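Chains here go by letter, A, B, C, D and E, matching the order in which they are written, and residues are numbered from 1 within each.
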Amino acid sequence: MQEAMKKRAKELLASGEVTRVIGWKKNEFDYDITPAVFESAEEIDRDFRYDDFCGPNLSKFTFKNQKNDTKTLVFLKPCDTYSMTQLITEHRVNRDALYLIGIPCFGKIDIEKIRADGTDGILSIASEGADVTVKTLYGDKTYVKADVMAERCLACKSKYHTIYDELMGEEGEVMETGRFNEVEKLEAMTPDERFGFWRGELSRCIRCNACRNACPACTCESCVFDNPDTGISQKAAADSFEENMFHIIRAFHVAGRCTDCGECSRVCPQHIPLHLLNRKFIRDIDKLYGEYQAGEEVGQRSPLVNFTTDDAEPDIVRKGGK
Amino acid sequence: MPISEFKPKIVAFCCNWCSYAGADLAGTNRLNYPADVKIIRVPCSCRVNPIFILRAFQRGADGVILCGCHPGDCHYTTGNYYTRRRMTLLFSMLDYLGIEKERTRVEWVSAAEGAKFAAVMQDFVKTVTELGENKRLEDRRCKKP
Amino acid sequence: MIFSYYPGCTLKTKAKELDAYARRSAEALGITLSELPEWQCCGGVYTTAEDEIATKLSSVRALMEAKKEGHALVTLCSACHNVIKQTQYALNTDDDMAFKVGNYMQCDARAEADTKVIHYLELLRDIVGFDELKKNVKNPLTGKKIAAYYGCLLLRPSSAMQFDNPENPKIMEDFIRAIGATPVIYPMRNECCGGYITAEDPAMAKKNSTAVWESAKDFDADYIITACPLCRYNLIKSESPLPVIYFTELLAEALDVK
Amino acid sequence: MQKIGVFVCHCGTNIAGTVDVKAVAEALSHEPGVVFAADYPYMCSESGQNLIKDAIREHGLTGVVICSCSPRMHETTFRKAAASAGLNSYMVEIANIREQCSWIHKDMKTATEKAVILGRAAIAKVALNTPLTASETPVTKRALVIGGGIAGIQTALDIADAGFEVDIVEKEPTIGGKMAQIDKTFPTLDCAACILTPKMVDCAQNEKIHIYAYSEVESVKGFVGNFTVGIKKKARYVDETKCTGCGLCTEKCPMKKTPNLFNLGLDTRSAIYIPFAQAVPKVATIDADYCNMLKNGRCGVCSKVCTAGAIDYHQQDEHIEEKYGAIVVATGFNPIKLDNFDEYAYAQSPDVVTSLELERLMNAAGPNGGTLLRPSDKTHPHTIVFVQCVGSRDTSGCGKPYCSKICCMYTAKHAMLIRDKYPDTEVYVFYIDVRTPGKNFDEFYRRAVEEYGVHYIKGMVGKVMPQKNGKLLVRASDLLAGEQLKIEADMVVLAAAIEPDKTARSLATMLTASMDTNDFFTEAHPKLRPVESPTAGIFLSGVCQGPKDIPETVAQASAAAAKVIGLLVKDKLKSNPCIAHANETLCNGCSSCERVCPYGAITYVDKEFRMPDRTTKIRRVASVNAAVCQGCGACTVACPSGAMDLSGFSNQQIMAEVDAICR
Amino acid sequence: MLTNREKEQILISSGVDVRKCMRCGKCTGTCPAYDEMEYHPHEFVYMVEKGEIEKLMNSSSIYKCLTCFACVERCPRGVEPAKIIEAVRLAVIRKQGNNHIKAEDIPCMAEDDDTPGQLVVSAFRKYKK
């Protein structure tokens, strides 16, 4: 697939159809992949990658690196198409300046899972079908891919692309993989247990803002937490309250807009399962206001800027219904 | 602090058209409710940002209640419908984080419902008093020594 | 289809025919009435006083028993139906009552007594359906003019009974039509026969009952039907010239299982 | 540097009785920014206001906090006072220490402490207030009256008389409403048609008045001075401009078995009909449920006989949009359905009728040509029983909890008319109370008793029993005699409670006008603003606001008209400056705010921004139309970046209040 | 102050708010036991409100109510007079030795072969404690 993508990218550059290509590039290690802009065939030949480590959602990167006066090719995994659709709905990217190619995704590998196995001194990693081969200073290791796949990919919601100009590979389908199981587990706990759980998680937050930077829904010109005029700006959480506040408000601000791409948890250096906050909102919205998937179509109306006259009353929370 | 001495701090956001007028009517009819309740007037319940609610808890509130026109009767036609969704989701999130769900409430009080206003406030104060001090959403820096 | 069944004392003694015809007819209509394994007398009349708990417990036990069986509960005698329905209504609407009863029974009485309770006529109307009943009639009572006598217990208080329009009911008339006869509508059909007053003041009971059959007679009825043994007793005692029979007897006759 | 003045009102003893006002002023004088604090017996009095004005001038105050009654009472008073002393009127905040403090707390210490906290919150807020200036919007000089009964007619005539255009929307094919169905009026016994029909004709002939008959309001957008209303003209299958009202079609129409709704179904009419002789507009209408041509394409008689060629079987509903400066609601009432009152045998016997049905039975244009006959057998009734309060004052859930107000009087009228015309008829009226507060009302009722020999019996009817002989056995109690009565009557007349028309509820939602639990429209103030809805630009006329009789309805109708005229004579209206505004540098252009705005006040513009690297970038940003925004604030919360804020209730101001209260 | 305590007891036992009555008399207009009663349903409500309980307790009217619920059904104010009458009757028969019907009355009832058991238990419920 990677070679086909490179070929197509170069074709489009050569034809002048696009002048820039957004994709992934490898850094020092095989598993250290970052989004990048490619402007020439040489750059593509040298650095372009598409493999099971290309986790980053290119939609957010596209948003940050968009240019209006020229056309950019962007490769989008199914996940990323949802985010891209949502960004177009919110007028955050200029659709006319983009050429979108949908590409398949077979689940990405979580390097932390390999490391957690005690594997150190990694020299290279190759993923082929169901096998992942790791070459290290101390010898080779082989893993079954499903064992080292990222959690978000194990609970993948869709292999379907919601938007593209051109599709490479086969179109997939929306899937049901129990992505709310964790949320349900938490819901089943007592309030004290839940409080303990979240305190344990959120107290580790170092307010590095990685979640915010990676989140394709967090595209505000200026975040309320950075704006001294809002009265709630904070750089680092000085009290457990501020840890809660930041994450509650961040989740609330993306509620109804979050596509559940899982970037927040992927990038969190403290491994806080932030996606469980967003999924809670998604789950509540689905249950209370009907199934809703952000980023499914351009022009959708988010449930938070919508209503029906017979919506559930807020009481439902206190009374434990739902 | 023994429960009997505990006086909760309650912030009540009231929409100008229905609930604030309902609170006025409670006063006109001399219907008593605890002084722990302090009302903040907002044009519509939909003006209340979740940030305000968290801010109140941060600054030491033990309970926050939002009052608006009955659904369908909003002065601005649809404001309280948005309030209803926002607050349902926010309250559910607070509950998910293990924060006592009884500390937050939304009630619809019309301009004619002075008695309801007083009864709602009595009940809410009672509930919050029984819960005791807000510990789970407090900001220790804002507490008086 | 299986339903729990509460016959009540009188149906085991003086009103056996009310019970027997009901059972036979139900069978013919494909309904299984499974008598509660344990039941006590309902007490005959509901005590409205809120500080009377003990007199309500037999009904609560019947409700709980039925809940255990897992089926809706069918009653037949108007009095039993009234007492059980009113008890259930009180449990559901009066927190204090539910609390006290719960203390007696050592359980969450409201939750454990929430069985659906229906009268045999409601079974015919809502479960079997009068149209379906009509199809099953083998022996239509064509040409018979029948006055349905509701009395008080099936209808009132309507908040608890939820049986039919308390002032202009039609369930028994619809029943009469279903078995091929002609209903007679007369104004006294939902007025009291005197009930238990016959033990205290027989003349008064007679006066009340007479007014009922006179009204039915006035409108040219051939028979009076009822679901209540005491109504029937009072009407007969007051020398009604019209035969007073249980509705189940006519049902059995129409279904040809008499 | 803030210079805030605090003024604590005693309100006589209303506040000072439970709040230590001096202590409040003293405590608040130490708050940051406060340079002046005083208390005074009546701040709203002229001298109280002078105290404020003097302090503003003397201390150069930048903000004023008044601890007094509810801002709903005197906010405007104090704002005006501030403005006259040169301070922007939006630099005033009120701490409500009467309705929300002194009146609800009995303990002086508690109330004083609370008053101080409320004062602090107001000080914290006012410190962040900014001067605001109201913008102006033009007024559309045209009024809409919804409902064409006597209330709507009177309002429309008065507005037109003042020289303004006015439209009436009436859902029936003719205006006239309930009054057109009534035979005589109390307490004068003059003929309803004789006094109503000239007014109907005036409406039709007045060139300022346009009648949309057989029409309904579909949508209402906009705000005071600038409403846009969608009106649906229902298809009547007759071209209004061609029909001459000759009535030939109604004679020739073969479908004579159509229930005559104008006579409440007591007789029948043809499928094409003119409701009554004096209908306005006098135009035929086809009842699509009964017309053979419309149902199955077979007939067409009316079209053949119509010389004007007015019949149009293909007519469609027409949708019109009009602009208005003011809207008057005059949707009226109906008697309640009597389904819950079968003890009175209304459904069982045709001889049990409602009072409105009796009006038609006695009317010369009614089913019996004005002779009172029993509906069942068309015989002359010799005994008539009237039952009062059927569904009125009923808290059991079957009826309405309120007094319907008109029944006592119309029943006295009916009883009197019957005794006058048929002296051999005995009339019994069962009453709980006879309520006759009105000019010449009690005298009228007494005449019924003293001159006409109507039997008034205090007590209620328990049950009406139709007998085999066609009589109605009425069982009732006579409380004064201590008797249970059994009366054999020929007819029973039920004074059914009245309720607001069913269309009022959905209309209220469209108008954003509030209603009470009985679906009567709420007035802006029960005593002082009885003909206005709390929603600006919406006025109330007639029974839609509460039960009332004809004289009262007409009085209220004229009052509503006066209010409308007062609005329409203005060329411009000052609008509320407490509205939303977008901070363009923060705005993402995401459209969240646009989607929640109930007024469509938000639009987007592409704007060029200079970037830190000296390049420019064009971004889509929100822009609020100040004339359209009503200041609800829905957008401020929908906005994730905090770009939307609300003047007068800004994020910072509200949080300052929160902080002050929780301090 | 005896009557006030009695009144309290009647109000608690019946669960009726007598102050809701608007004196329309519909209960009495519909009562089938009217002729046999000295005090009628509306008077029960009014007299309990006034605290005149003793008169009611001493009257045979308390045994004449058929508990047919016609008054309850038809009252426009939801007052439920039948419950008041029952509460007064209970206040009487709950007193020691005040059973209105005695066990020895049963045989004479039983003599009548058709007497349904329902009648006996109902009469006991109403007239005996």
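Simple rule for what comes next: a residue touches a chain if its C-beta (ideal position, glycine included) is under 8 Å from a C-beta of that chain, and two chains touch if they have at least 3 such contacts.
Here the structure is a predicted model, which means the values were calculated and not measured.
S.K.: Supply the minimal count of touching-chain steps required to go from chain A to chain C.
M.R.: The least step count works out to 2.
S.K.: Determine the groups of chains connected by touching when chain D is not counted.
M.R.: A, B | C, E
S.K.: Give the label of the chain whose average Cα location is farthest from that of chain A.
M.R.: E
S.K.: Any idea whether C-E or D-E has more C-beta pairs in contact?
M.R.: Looking at C-E and D-E side by side, C-E shows more C-beta contacts.
S.K.: Using mean CA coordinates as chain centres, what's the gap between chain C and chain D in Å?
M.R.: Chain centroid spacing, chain C to chain D, equals 48 Å.
S.K.: Report the inter-centroid distance (CA atoms only) between chain A and chain B in whole Å.
M.R.: 36
S.K.: I'd like to verify one number: the distance from the centre of chain A to the centre of chain D, where each centre is the average of its C-alpha atoms, in whole angstrom.
M.R.: So the centroids are 53 Å from each other.
S.K.: Going by the touch rule set out above, which residues of chain D reach two or more other chains?
M.R.: Within chain D, residues 343, 463, 596, 638, 651, 655 contact more than one other chain.
S.K.: Could you list the positions in chain B whose residues touch two or more of the other chains?
M.R.: Residue numbers touching two or more other chains: 50-51, 55, 72, 78, 82, 86.
S.K.: Among the residues of chain A, pick out those that touch two or more other chains and give their numbers.
M.R.: Only 224, 230-232, 304-306 qualify.
S.K.: Pull out all the chain pairs that touch, please.
M.R.: A-B, A-D, B-D, C-D, C-E, D-E
S.K.: Give the list of chain A residues in touch with chain B in this complex.
M.R.: For chain A paired with chain B, touching residues are 186-187, 191-199, 224, 230-232, 238-242, 244-245, 248-249, 251-252, 255, 277, 280-281, 284-285, 288-289, 303-309, 311-318, 322.
S.K.: Residue numbers of chain B touching chain A in their complex, please.
M.R.: So the residues of chain B in touch with chain A come to 50-51, 54-55, 57-58, 71-72, 78, 81-82, 84-102, 105-106, 136-141.
S.K.: Which residues of chain C touch chain D once you look at their complex with the stated criterion?
M.R.: Per the touch definition, chain C meets chain D at residues 165-168, 185, 187-188, 215, 218-219.
S.K.: Residues of chain D touching chain B in their complex?
M.R.: 70-72, 96, 98-101, 103-106, 110-111, 113-114, 117-118, 121, 508-509, 512, 514-517, 522, 534-535, 578, 596, 598-599, 630-634, 636-638, 646, 649, 651, 654-655, 657-659, 661-663
S.K.: Within the complex, which stretch of chain D touches chain A?
M.R.: My answer: residues 585-592, 595-596, 604, 618-620, 638, 640-643, 651-652, 655.
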